[in-house]
Amino acid sequence: MNVKQIIASTVAKHLNEGEIVNLGIGIPTLVTDYLHDDSSIYIHSENGILGVAPVPEEQEPDFDLVNAGKIPVGINEGASFFDSADSFAMIRGGHVDVAVIGALEVDEKGRIANWSVPGKNVLGVGGAMDLVEGVGRVIIATTHTTKDGLPKIVEHAHYPLTSQRSVDLIITELATFRVKEQQLILSELAEGVTIEEVKRKTTAKFIIELTESIEEISVS
Amino acid sequence: MKKLITKEQVIPLIQNGHTVMVGGFGLTGAPLTLIEMLGDSPVKELTVISNNLGEPGKGLGKLLVQKKIKKAIGSFFTSNIDAVKASQAGELEVELLPQGTMAEAIRAGGAGVGAIYIKASVDTLLSEEKEMRVIGDSKYVFQEALKADVAIIKAYKCDTLGNLIYRKSARNFNPPMATAAKVVIAEVEEIVEVGQLTPDEIVTPHLYVNYVVLHRKEGA
Amino acid sequence: MNVKQIIASTVAKHLNEGEIVNLGIGIPTLVTDYLHDDSSIYIHSENGILGVAPVPEEQEPDFDLVNAGKIPVGINEGASFFDSADSFAMIRGGHVDVAVIGALEVDEKGRIANWSVPGKNVLGVGGAMDLVEGVGRVIIATTHTTKDGLPKIVEHAHYPLTSQRSVDLIITELATFRVKEQQLILSELAEGVTIEEVKRKTTAKFIIELTESIEEISVS
Amino acid sequence: MKKLITKEQVIPLIQNGHTVMVGGFGLTGAPLTLIEMLGDSPVKELTVISNNLGEPGKGLGKLLVQKKIKKAIGSFFTSNIDAVKASQAGELEVELLPQGTMAEAIRAGGAGVGAIYIKASVDTLLSEEKEMRVIGDSKYVFQEALKADVAIIKAYKCDTLGNLIYRKSARNFNPPMATAAKVVIAEVEEIVEVGQLTPDEIVTPHLYVNYVVLHRKEGA
């Protein structure tokens, strides 16, 4: 598995059966690859679909059936289509259980920045603010560092925040952090990753409370 | 069919300085034939309300390079590099809204709701100059309804009365925009006899639709 | 024709082809009886129907298909069903051209009172306020006097107003008044009715500008 | 079907003092089986949000004579003489809203919109104690969103996932109410296999529906 696949498969493990999950652009869209076929998790796409599935292999892509990343998808049995106003009514009204989204940065209170880069004209915000304010749980799926190797989980965000709300879970290829009372808690390490590596690549303060099973892996 | 019009009849409907809503999420569900017609019109100084500005040279991206667009109101223009350039050059004014706020403000415009209160973007840079209000135990941003002079939208089929249905996720912003403009022009792939669309199936009832044009398949 | 039929048939003459018309409870619902079969007037019912028609004679009444008066109706070809929020979005957003409603009183500025009787607990307002604020033209269909023979078109309303908006047309079994710049204008007399009779049964001030054809009838 | 429950499971869901939305326009589209179940429950002091209060002894009219309803929020209670009597006796608190304002406030509640501005009832006795605001060149009334602890609604069919469709004008307030309560219980006439309802046909997607009960035909 590559880095993106590691992140997406870890996210999949943190979803509960029966949940309605919105998947953001990029890594989050890969999550559907790691749900088992008889899963009762339903994927919501903010452009107007409940019940997104991978495109069936034998099928031609249909450009009238795309996800939030404008990539052709398939649908499950029991799926439905609706307009953008109704779709965001679901998000804003708290009817979507989980959002999995990317981030430019996460600060040490668990708040994210994922829409604007200072000094550049701001030309995109998309649905991230609606999702972070509206859904039950927010899961951040991101590489642990930037392309240049700089930490993305930082003491203070350099970029403007998406919301004052703290997210619930931050999942990278190295580790998983829970956020509790605006505090980051390192709860899982990926195979072969040490606490020291995570500390070196993270400038935000965090508490360590590894879940047993994962701790075993990390010390093995 | 009385509402069916040609390019020659479309062009005078959209005038210099008009505010025009344009349906679609990226190119999915965008009224490409109508946009093409506008490209051949001398119209300029348009304010466009649309989630995106197409892609470079495609969809609204075409009108952008023709410098017909003075201002764009939407949620995500970053995917079109021409929009980024035009903005940096001071040739394009941009008003960014969270995608859900935009969708709901359009619906409000169509529904005679003067303004709405929305949580998305509260206490962020995006709404630092906006009015806030505490309702219950949450903080909301005041958002006026959005309306337009003309809406150009894309539907799948219409009947001879002007009732519309949409195809899969090509629905997106089209139905709310069909309610929020003084003049609504729908581009459709097929016209069927009245009675062919059932009362439960109709998404946009005919009272919202002023004119219809036939979608021209690419290369046709 | 009885009094109600005279009023309903006069209303029908004042509707234009192509208009979307909402019919209120009582006399207004009778208007459908006076539209010709190939009329392009479409009846909107606020409980969620566009395209109301009389129940076909051979058909059993369907209590899932009722008008605003909770009376079973039929539908035209091209009719559609929608929920109450969408239905009032049509009304409030100005997408319904005409409302025909009853009134307890009309004052001499053409404002109506039709929801509350002072001294009694107010227990019903219904959709009248939404209609009067939202639609293009408001036509009042009412008997000229109360059951006790008291004028309903009065100098000042005794009952609370439904809206500050003046209606457009007031149609009774005796006469039709236009309302222009908050002034009542007697424009038509029913067959055999004299100006003197209307004056005797109306306490509101009004101007007389009979349309030619009707004037001929009234003096014949 | 996992969401299908019995009377014994319904009763504990609705507790003393709860705010309960009840679908229907008069008896059309009212969840009569669920109301019947509440009649057999010891629950009391309910605040009911519903367009009407049934008819004497029918629908919500039953709960009214059982004195289970402390307060009613709706648009038209005049048609039930028992409601008029209970109000005059000081046994029923009534909050009247224009029908469209009520429908839109329920939709807002479900869509995470904190409050809306509506023209209906501006400068009338009904809103003399309400906040007003000028937006553009019109005056609007401030209306907070309506939400409930439980919504009991009536649908036509559901699939085994909980997707709903409605029958003709029995749709009315049911879809918006399905979005605006913490717990939504739908009474349906028929349950079909998932996949039997098409993605375009579904009116209320399953994410809104917590529980389903089967409608009991009268006399059955």
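Read from first to last, the chains carry the letters A, B, C and D; within each, the first residue is number 1.
Note that contacts are C-beta pairs under 8 Å (C-beta built on N, C-alpha and C of every residue); 3 or more make two chains touch, one makes a residue touch a chain.
Just so you know, these numbers come straight off a predicted model, no measurement behind them.
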item: Distance from chain C to chain A - Cα centre to Cα centre, in angstrom; value: 56
item: Separation of mean Cα positions, chain D and chain A [Å, integer]; value: 36
item: Cα-centroid distance, chain C relative to chain D, in whole angstrom; value: 29
item: For chain B, residues contacting two or more additional chains; value: 104, 107, 111-113, 118-119, 168, 199-200
item: For chain C, residues that touch 2 or more chains besides their own; value: 81-82, 88-89, 91-92, 133-134
item: Touch-based graph of the chains, sorted into line, ring, star, complete or other; value: other
item: Pairs of chains in contact (touch as defined earlier), listed by label; value: A-B, A-D, B-C, B-D, C-D
item: Of all residues in chain B, those that touch chain A in their complex; value: 25-29, 51, 75-79, 83-84, 87-88, 94, 96-101, 103-104, 106-107, 118-126, 166-176, 203
item: Chain B - residues contacting chain C, complex; value: 107, 109-113, 159-161, 163, 179-180, 194-195, 197, 199-200, 202, 205-208
item: Complex contacts: residues of chain C adjacent to chain B; value: 20, 42, 44, 50-51, 75, 77-82, 88-96, 133-134
item: Chain B-touching residues of chain A, taken from the complex the two chains share; value: 45-49, 62-66, 70, 81-85, 87-89, 91-92, 115-116, 121-130, 132-134, 160-164
item: Chain B residues within the chain D interface of the complex; value: 104, 108, 111-119, 133, 135-136, 138, 140, 144, 165, 168, 199-201
